[in-house]
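By written order: A, B, C and D. Residues from 1 in each chain.
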């Protein structure tokens, strides 16, 4: 990843801030001939769009994406695809307080320390708004995957909100789209609704854990060391703002296991190798096994809360700050479509990398 | 990161397998004029070297590093530095079993599925042996940091072995080098010694959690989105073999906090901003704050165990396998110097990136 | 360079086709705090703009650039700068002929062979229109150079049109902006006017040689082998459409010289080393000497001519084609501001690279 | 290209100086399963090896290449291939003069100005010795091409030595390996032998022009703008030391042509499109046409000559210098195998890039 670009061959460069005229992504390296029109992308953007229910920020953005280049007669041409989303709700307000004070937990102070200049009207590149462009780019990746590896299915969902986790015994894929939290557990969703409403009313916020499962990924994607599939997935998730931890398969809990408990035993199935378990999360030695790939990450609570916090001004004086405004009480919810998009991008990118090096030919088993 | 290279400007390309004549790293982009001789690197390699006590593999390697290029009269010249380590203990044995069977939890099967060819004599690039080259390269990064940012101090240590965690109340920096586990808690080290000895004798293995603290890192390193300092640290740690999870600051536990609990309040100290806590782990919006940077990661248990596991052969037949040989009962121990090396490389790389873009000039506070 | 991105640290990604709604460039890695408003860029774009006189295509484009991100209150923030130029003159016409036939000398046939899809309404990414985005990005590079290395002055000019060369004895910097050909020789400009008018009327076209001189570049930029300053300058120029050759200093003529004739002897001047001549073109061993850097390149004649040429259709049938439309009789003229922009980008990029690795400290002489 | 690495997917990182213990190249991204043993590479190295006749430097190097990693049982494994060549003829001598004085036309002065440190015993990375590692890496590329695109044939040859050019009417492929100058014209070779012997005896040197023809390259490799096949070929050639100009097809002479003269008319042949001529040099819009690809470049005369030249010392004092030692009177001769190697690397790299993006599927014609 360079400063604002990710991907080896399917390369996405994003640009724009929350308070400028527009944000966008340039998608380079997309295979030609992929069916792609704006409405293919809009569905994904609508999943992430703010203001859809009382659990997300009330900022209202149409998040309408425009394809400015790279397609012809509804198909990609192999040239860079520019995806632009205009900002429509840059509500004017008095920024005086934020302009002079650093909000604890925000990038305000580090931006200032690094660049010596800062657009104090919003979070700049660190704004959650930037993630809309990732979702648009991820939509292109999904369209390309549909053509190159039609069996791949990428699904994100919340597995914990604050201290409240889902019950894996109630896991139900069909529930995920049935509640505003992308919860695969109907009971958890009900509990979270009450819990989050309380937090919202008190002007507080809370963190969350999101899991993304990639089903149908072919074996053989990735590489043994720095180009590991899990390295790129980890970097992709960690690059999302407010993410503080990333796990593959067992994740941090792998530390607690013995070798016997951790080993996923192998047997021969009708369609190739099968595994007795999936502690590995679908990746061995940096390379996909063909099992479900499981990525999990934690999003910290929004720092924008109504309780006053101690801070300093640019001139170094002690003060307090309250962050009013339109914020998400659990910003992790809206991270779900973002994480799906990042996962789609990584999988496609590695599919192309693998096609380049091996031609997609596999060592046969059996 | 490309397949076998990491770093943006300070770029390390590693090569070699456990059963070839040598392994090595090419370090490109090092500043000129840095004092560097082989013995500067050897100390770090000795930390990682196997066979030093009964808790690590009994493979005996001198791990003697040779500098083949890039220095003159004891100083770096700014040209690529080749670091070569000869393999000396490639014990001949009967590989027949491993050649035909896939070891569960190893990269054997995915290597085969991806490349259709595999050096069955060892773990290839996925062998822990590869990490020696990272340690050597990290030694170069440390030498450069000594010159460019002399206050930076990078220290790794184990915080958990299996289910046994250290007690943070007993945390003592001086203990870390006093026990074979790099434990900052003397009591934990004693307990782990007994615990691991039992595992070793039974031919089992266990995972571990390693933490790296970077003290004295200047504020302003990193970037807001894909070039985040935490993105690169996460990728660096996840690229180490057997790592399944990475955390910055609060890590996965950040999901459990409320916004009030998570906010690190800011005050003005004598040498700049100070913080009431460090939930952020020293990084806000992808950019270092000047606080301690805290990275944590989990290493899974070695898959090489004496208990037979079910698996298949290349021809797809069901079988069982026992992995004999010289393996680490807790490979996480030897990951400590590797993680320090990776951290040093990332910090130096971002120092150079920041110097390029901003010239190192900072927005003043106060 | 990746497919649509150039630069190591100052990275420009361009997008857009001649017949879409807009084209643009994303400029990443720009230092913060550089004064930059749209009118700073517009001047450079106006130099390249078509339709300004009878010697260039009559396509009329305002080429008005919009800065959509990356600046705040008239200064760069260090985040990606999006430069968008709307296409305004996409004249509707009957493309039937071009849609089915491949124009000799155009990218039509190779686009088709590579991608299997092609926007036949224009040259796609191979259109000269793409170069407007380079000019805009080059304007950002110039603004940054003004701050970081204020002595750098980059000037392009035509030294040959077809078989008609300038007379170096009449070389006059002040003439360059006085004629529509950027000729440093007033007499040559007069002759070219007559010559080109004839070509234009007959529907023919001709090639040209452009030279760019970079004055005031500090010594020490570049690197010895693949990161040579001349490598990057050569790639930058060769990446401009229709360029077929690139030279540094003596260029191809260096082959004719003996070692005695080619050696630029060194003496000590008041401000450092001076040279008796500049056969090297300001670059020795890939690194700038502090002398004028001289780059030269040849642009082939536009393939769009009124004389019928033999070709084939997509179905492989023999046919003929005439390329009507609004084309430049000597497209090399408009390559001048493009080449200046590319040179500015390369110099700034190497200035940042050098600042990263060496801190800009130089080995002293004398 | 980064400082010491070239290639997008087939990535070569070279290291080492003329006066260290060894030089080498790490080849990353090679397809697995390619037959490769040391003797496959040695043949190419022997072509470049010095001391083979009186027309090249009398430095004696075995240039024996060792494969230290990345192959197993005579085939590539898909992991990095380390190619090491030991330096064997580092003749001890008194370097006092060179240590203090800058040789005109050498990188001595710019190295010093950039890095402030310099191994004065040789040319460092700018030594022609570095090119041996490119030749070794090019051998790997050729082996991979033999498997992926067996029809590709890459041949370099001298077309001019000083002012003496070959006669294209006498061009004979079979002559190239029959004389020490890789001349495709027997008569020219005879003339050059006499001419160069005179230069050698007088301690002088002269430049040369080398041409590389790539036959059998499939259509469709490359990309329209920055990833142009000609951009990468130009960069590859310009990265060779002492190169001052690069041409594709007509090259600089394209400037002299009219559109009518330059157009390569298209007809339909039995195996696809055919062209009436090849002014384009096999590349249109950055993408290969399937015709022969023609690259040409000029090598300046060696600066190491016996005639005294004026220069300065590190302390800035005026002096003179004679470069004694073992130097090539026409270093361009030994650039032939280097250029072939670079061409092989670029073609393979673009073959992999194309396979990644398009899967190698082509738009059909006819």
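Remarks
Here is the rule we use: a residue touches a chain if its C-beta (ideal position, glycine included) is under 8 Å from a C-beta of that chain, and two chains touch if they have at least 3 such contacts.
Because the structure is predicted, anything quoted here is derived from the model rather than measured.
Averaging Cα atoms per chain gives one point for each, and the point farthest from that of chain A is the centre of D.
In terms of C-beta pairs in contact, C-D outnumbers the other of A-C and C-D. Averaged C-alpha coordinates put the centre of chain A at 39 Å from the centre of chain C. As a whole-number value, the distance joining the C-alpha centres of chain A and chain D reads 45 Å. Per-chain CA centroids place chain C at a distance of 26 Å from chain D. Among all residues of chain B, those that touch two or more other chains are 2-5, 14, 29, 32, 78-79, 114-118, 124-125, 224, 358. On chain B, the positions that touch chain D within their shared complex are 2-5, 11, 13-17, 20-24, 26, 28-29, 32-33, 66, 68-70, 72, 75-82, 114-119, 124-125. Those residues of chain B that touch chain C in the shared complex are 9, 29-32, 78-79, 224, 352-353, 355-359. Note for the complex: chain A touches chain B at residues 1-6, 8, 14, 102, 104-107, 109-118, 123-126, 130, 160-163, 199, 204-209, 219-228, 230-232, 234-235, 238-239, 241, 244-268, 273, 276, 279-281, 283-290, 298-305, 307, 309-312, 314-318, 332, 354, 358, 361-366.
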